[in-house]
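Quick one: structure below, then a few questions.
The chains carry the letters A, B, C, D, E, F, G and H, assigned in the order they are written, with residues numbered from 1 in each.
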Amino acid sequence: MSVENPAERYLRSDRMPHIWCPGCGIGTTVNCFTRAIDESGIPMDRLAVVSGIGCTGRVAGYMHVDSFHTTHGRAIPFATGLKLAAPDMKVVVYSGDGDLFAIGGNHFIHAARRNLDMTVICVNNLTYGMTGGQLTPTTPEEAIASTSPYGNFEHPFNLPYLAESCGAVYVARWTTYHVTQMKKAMKEALLKKGFSFVEVISPCPTLYGRRNRLGDSLDEMKTYKTRSVIKNGADTKEVDLGMTGSIVVGKFVDRERATYQDAMEAFYSRKLGNRYVRASQ
Amino acid sequence: MRGVVVIHAERCKGCALCVEFCPTDVLALSSSFTTKGYHPPEIVRPEACSGCDLCGMYCPDFAIYGYRV
Amino acid sequence: MTQTQIRIGGFGGQGVILSGIIIGRGAAIHAGLHATLIQSFGPEARGSSSSAELIVADEPILYPYVKDVDMLVVLSQDAYARFTPALKKGGLLVTEADLVSVTPPVPEARHFVVPATRLAEEIGRKIVLNIITVGFFGAVSQLIPLEALEKAVKESVPPGTLDLNLRAFRKGYEVGLEQLAKVQASA
Amino acid sequence: MHADPAGVLTGAHFIDGDHACCEGALAGGCRFVAGYPITPSTEVVERIALRFPEVGGVFIQMEDELASSIAIAGAVWGGKRAMTVTSGPGFSLMMEHIGFAIMTETPCVFVNVQRGGPSTGLPTLPAQADMMQARWGSHGDYELIAVCPNSPQECFDLTIKAFNLAEQYRVPVLVMMDECVGHMMERVIIPKPEEIEIFPRRWTNAPLDEYLPFEPGEDLVPDMARAGQGYRFHMTGLTHDEKGYPDMTVTGQARLLGRLIDKIKKNAAALTDVVEDQVDGAEAVVISYGITSRVAQKAVQAVRAKGRRVGSLRLRTAWPFPEHLIRDLATKVKVFIVPELNFGQMVREVERCAQGARVVSVPHAGGTVHDPAIIVQAITEALR
Amino acid sequence: MHADPAGVLTGAHFIDGDHACCEGALAGGCRFVAGYPITPSTEVVERIALRFPEVGGVFIQMEDELASSIAIAGAVWGGKRAMTVTSGPGFSLMMEHIGFAIMTETPCVFVNVQRGGPSTGLPTLPAQADMMQARWGSHGDYELIAVCPNSPQECFDLTIKAFNLAEQYRVPVLVMMDECVGHMMERVIIPKPEEIEIFPRRWTNAPLDEYLPFEPGEDLVPDMARAGQGYRFHMTGLTHDEKGYPDMTVTGQARLLGRLIDKIKKNAAALTDVVEDQVDGAEAVVISYGITSRVAQKAVQAVRAKGRRVGSLRLRTAWPFPEHLIRDLATKVKVFIVPELNFGQMVREVERCAQGARVVSVPHAGGTVHDPAIIVQAITEALR
Amino acid sequence: MSVENPAERYLRSDRMPHIWCPGCGIGTTVNCFTRAIDESGIPMDRLAVVSGIGCTGRVAGYMHVDSFHTTHGRAIPFATGLKLAAPDMKVVVYSGDGDLFAIGGNHFIHAARRNLDMTVICVNNLTYGMTGGQLTPTTPEEAIASTSPYGNFEHPFNLPYLAESCGAVYVARWTTYHVTQMKKAMKEALLKKGFSFVEVISPCPTLYGRRNRLGDSLDEMKTYKTRSVIKNGADTKEVDLGMTGSIVVGKFVDRERATYQDAMEAFYSRKLGNRYVRASQ
Amino acid sequence: MTQTQIRIGGFGGQGVILSGIIIGRGAAIHAGLHATLIQSFGPEARGSSSSAELIVADEPILYPYVKDVDMLVVLSQDAYARFTPALKKGGLLVTEADLVSVTPPVPEARHFVVPATRLAEEIGRKIVLNIITVGFFGAVSQLIPLEALEKAVKESVPPGTLDLNLRAFRKGYEVGLEQLAKVQASA
Amino acid sequence: MRGVVVIHAERCKGCALCVEFCPTDVLALSSSFTTKGYHPPEIVRPEACSGCDLCGMYCPDFAIYGYRV
């Protein structure tokens, strides 16, 4: 008996090989994502993946579902329109740290605030991969990037804290070393109603790793293994990341709050009674 | 329960993650090259494979997977 | 106007672009010539192939891309396959000894084989493969004076590695001269 | 196809252009609006917010215009007819996404109620100074469609038309209003639903595994799918092939852009929507659009009253510019007079097509409309 | 004034256009850069990041292009010469702030290394398809200056020039590079500091209580103050008076915009920077700019070799368009040939000024440069 | 003896009367601000005020200091450039809730993250005043706005929490009822090094007040008085605002962290030694 | 073509624009005429002055702004000062009795004074001042049939306030007719 | 310590904040109108003024202020 690669049916096999560098963590996250979809039981035709621009932004193009490669930073507002127009779809935004939190930061905080029913997966490789390894808002202090050639002196975002403070109902962080936990978090996020956020710390050996002398992908994965501390339910205030020191991972937030759409429908029903006409796809 | 691991060598970029993180040391990097010039993994202890698919989840290139039989 | 169109190809990490830059710099800064270098890259090419298009001329260069290659240096099989078709009849072809098998052959080329990998191993640092190649190319092409190229090497490598690189460059040049002599002798 | 009765407020109304635009959108089948307030366009979305819950539409006030202008693209691919509404500064922020809609062939409508610029300028006063921006404001090469209403009635009519053209050509269509028509109240007749023609979305009926989302039909426009139908399509703002996959090559670029431009350019004649008035045999023709066309008409009437043969050509579609028409006219008339609420924008197109015929620009910095006397004088001098 | 030696890397360099642009900025006195990475312009800011700490400059990578494009305005009013650098999609996002800089007369430099569009398009390949956007991309009416280098050397030279023109006219100046010149390495000669002319900021020397920040001098340009000098001035993107206070009236608008446009338009001749080659007595003139001008020159040489009298006119300043020059030439030559890496943008300006002379567009979708043979053919056919 | 209006020297008297409606709270905040400047001892020529667009955005135009009326949402990045170019200036961003947190949200979170040395004063009138009273990201649930004609069903931001999570070093909230405390907070913010944030809840009687039947400005001020609870040092997580219920006010955050500029200078000095050339104005 | 240019001015909150809309609606929807209404507002005008420019004509209206006023209704002193200069000779002028003092006087106007504030107080709701004025204007102007105006009032006020507003409208019309009669008698 | 309060009536828009929040009830809204039609405050208990300037801080229109003498 032979079994197909479990990732295969979720991929556009005609587009393989993908463009990612050897050992790039993005592929690992996608691999876990395909298994998470599988386990979630969400039918492929009900799933849409939306990406911005970046190495991670190419994920949409490799997923064999309705998939949208939008503009830099705007995956979330595109997904907002998509989700509100097609409420039966499970909409996943899959993008990079720069895309989601530099140029796209405003959309993230507003979507979290509104509790839009979508999952945001951020492959946080601590740099802008696609454009050649510049500083991002998540680059740790001291790290070298092409636009911080002497090292970074900016304080980076603590993404789980930001997500929680804006209202995300599910927040988890893992590294690409934690494949089973990452898969589980992705699955939970997919099944969660409301704005769920999964951050995956991921190697970019070609740029971030090389510039910061972290070795190849495998070396970096080993570092993740030693640096990571699993603290489910940790106070997100305390999960800042540095160049060294521990990487706190785990499921940090899992709470309930009415989604934008549910709040809207309940509200209009209450205010307008049967004058209210629900949107249909 | 036993497992099977399948390698799609032409997709492999030789990062060795599968080798490193296979819990039962089923794999090793081969000394042969793919046409792109990478060393793909080879199965050195087939009998030890549990089919856990950890290699599959780690692989950034969709070049390997395991399953239970 | 004399114009020489050069293509240098290999895979990412071999320092192919740098070798193009050194030749270009040698020509444009130290040899009183004009040189235009363009690197071909794209997101799809990430980490795999890499190539430089270099034009050296005695007048300002107008059209910047290389179309009909006068001189081709290839450091990977992939580059060999992709770039030999554009090599002009009688053009110069430099291939790396261990990395490129000359199949299919290019009959009408002036073909030289640079044992860059081996020489690099001898010198003790695999990374100088590209500088060896520059030296070798300098010798077999006779396009740019040795001194000009050597100055360009000096300006183009990290100061700490200068000695190493100069050794590599001279080694390559030496081996190139030897081969050139052999060819000329046999001609 | 005819309009969905739910959205059609049949009857005679005394409303302003902004409100009429909202009703046009509703009648035109729009069921998703993402907007961000900005004077003098806000009334459009305010009315949408009021009306949508009763017709099954979704309105969302986004965090900014960047978000609004791409949320509509998302909604379109989710199956809705969608629009966003803004004015100068917000329009400038939407430029990237106009290009995205063009590249991904996302049918959608952008309404720009023009006010005085540049920058914050004159927020509450009229101008027509975003006309060239409408054509050229996004990076790269493209063609699109822009309509110019000159009354609240046309704000209604042309908004419907904008939705139809967007669907027909799979292109963003711009409704280039101005503060004056936007805030001017007049009678607006909304017809019965069955009198309103709707160009439906070009839904594909290809079998699931045969569909190529960017394979054009004979008219160069591909059929469309929406999320959730099982087509599992891909789209990207990168240069792409028929499958929607990135194809970042010189030939890919030439093929894709060539088609995106041709699908509009080759239909320029069909897209031409002008109102001609005594153009045949005219010595001079006044070319105008939007609110200025009304003032111009007043001036034309005044000059005709003095016995001169002056024609008037009003552009209801500004882009694509009716080049063939002007080139043709240029061989027949002595002079074109082009009044606009700007320092001379569409007049440049007229100049381009004039082939030696004289062209007189009658610019105006905006803030109000031309004094008709100024136009009368320009015509009179031009005829001297 | 001459360049500050600290920023001038005198000597001969083999560098690409992006790096040369960075050195031009440094030599031109730029000491503040806000940027956001985007291919193929990123190398400019990467080099800036490396060089600035050693010359007293401040580089900040902002969160997006909106922020970058207004942070430079803040820095200018804080006393610095400042620039931002981007490419197509980012340029689209900067449109609002180009208008803001125009309205507030903030001297600053925007570099756009053009790549294939629209939308994400062809990120790593060349185009010249943002030329009209450069002129028209922001809402409202305005004039600005745009220069077009055709080599790394000119990326250096014209970036200095851009800073000087920005200061002289208090207007944003656009450096319209393209991926090809941006990534092409050639010899770049950086002169000695004392050989580099710097047009210093037009600092006011008015007494503290008499200064009117937007009162123009004879050349229509007002003198400038910076924060902290005690002038306590105000500036706004609203239509404003000489004091910088909002003056949202029809006359205020006409006065302000009239001046902002005139200060450029009336100096169009002085701003004209073209390279003419055998234009006198030519039957045909090829008009080109940027990288295309080199390919065009090759074609021109080929046609001349066949004995035809073909002239070449290269625009180093694209905007303001040298209208007077083309109008004049149009009476002398039979035909203009305009090759560009776009579907026909600057050619429209040529058409506008051609007054009946024939104009042949030689468009190209981009991704590479023209094959010179195509241009040769176009010239040959045009001369038939 | 006669004394001048203490506000007067900080105002452009030639522009009075201002455009704000009768009872509009913006004027009250400006009045307090003039006194705060006075007490801070910061010379007027060292102070710059930067505003975005909105009713509050007009503040810059009335302040008799170097003052900048920028574009909608972009006061903070303008101020960033200004401050980095003229480090001797005290730069204050004075703008509305919509300007700072709708369109301008991204700049706020990044400036706070970077700890740019500036003071941000937000007049939070819970609506877009200038454009006629639309929903903002701070409009409480249930409130009527012109774009939420049936009431608002979106969850608003909790601004102090957002500011803290991004890294602001000083965070306070008061209402226009709390004039002395507001003045003190503004003064403290002016004197604080780093990114300081003062939120002032303020009446917009013409639009927000009228639509939500809150009476005139005076009525609203009385409500503030009764609804407010002073809790200095409160956990910002707990200071959400609703249509009714308490308005928690006070100084919530006051901590130390290197500013962007200090971090930059220290960093380059460390890395480059005397090759580093500090920027001078 | 007959065209009547009307200006209605007052301060914010008086419902000046609504009265213009009612007259416009009456004309355009119920009287077979054309009407164009523009409201003048700007950020500087917030909460202070407010005015509507209304043109009523028997043909489509081209130029939308009011320049030479045929009929002027002013409900504030400020509006009186600002708008009377543009009133045509012999034009209709309606001023509110308590809010406007007719200084300086406009000699050649057909002047009527509407005691709108007082009437509104009689009716018991100050807010209907504008509707009273519409009625009064309808009577003294005789521009649009009573029924057309009344229909427009019905369509323009919140349903819950219909009775109140109709009473106000009729009262205004009645008082207007009385005054018109007086003037015509004295003429 | 005593105080003085100064009213710049032409700037006043009659919001009554000063009246309401004067801690010693020094002020009352006048029945007179400004030229813009607002009722400005008037000083009804001058002797009670402490010059605390609370009225000044509350006033949205810079129309009043107090000081100590």
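Keep in mind that, in the parts below, a contact is a pair of C-beta atoms (placed from the backbone, for glycine too) under 8 Å apart; a residue touches a chain by one contact, two chains touch by 3 or more.
Remember, predicted model here, so these are calculated numbers, not experimental data.
S.K.: Does A-B or D-F have the larger number of C-beta pairs in contact?
M.R.: Looking at contacts between chains, A-B has the larger number.
S.K.: Compute the centre of every chain as the mean of its C-alpha atoms, then state which one is farthest from the centre of subunit A.
M.R.: Most remote chain from subunit A, centroid-wise, comes out as G.
S.K.: What's the distance between the Cα centroids of subunit B and subunit D, rounded to whole Å?
M.R.: Averaging C-alpha atoms per chain gives centres 57 Å apart.
S.K.: When the centre of a chain is set as the mean of its C-alpha atoms, what distance in Å lies between subunit B and subunit G?
M.R.: 86
S.K.: Give, as an integer number of Å, the spacing between the C-alpha centres of subunit E and subunit C.
M.R.: 37
S.K.: If you look at subunit C, which of its residues touch at least two other chains?
M.R.: 42-44, in rising order.
S.K.: Mind pulling the subunit F residues that touch 2 or more other chains?
M.R.: 20-22, 69, 71, 73, 102-103, 105-106, 110, 130, 137, 150, 264, 268, 272
S.K.: Which residues belonging to subunit H are in contact with no fewer than two other chains?
M.R.: As it turns out, subunit H has no residue touching two or more other chains.
S.K.: Going by the contact rule at the top, pick out the subunit D residues touching subunit E in the complex.
M.R.: Checking each residue of subunit D against subunit E gives 66, 88-89, 91-93, 95-96, 99-100, 102-104, 114, 116-125, 127, 129-130, 132-133, 135-142, 236-239, 248-250, 253-254, 257-258, 261, 342-343, 345, 348, 351-352, 355-356, 365-368.
S.K.: Which of the residues in subunit D end up touching subunit F in this complex?
M.R.: 35-39, 42, 45-46, 49-50, 53, 59, 61, 63-65, 89, 119-120
S.K.: In their shared complex, at which residues does subunit G touch subunit D?
M.R.: 21, 24-25, 28-29, 34-39, 41-43, 61-65, 152
S.K.: What does subunit A use to touch subunit D in their complex?
M.R.: Residues 12, 15, 44-46, 48, 50, 53, 60-61, 64-71, 73-74, 76-86, 88-89, 106-107, 110, 264, 268, 272, 275-281.
S.K.: For subunit F, which residues count as touching subunit A in their complex?
M.R.: So the residues of subunit F in touch with subunit A come to 102-103, 105-106, 109-110, 113-115, 137, 150-151, 153-158, 161-162, 164-167, 237, 257, 260, 263-264, 266-268, 271-272.
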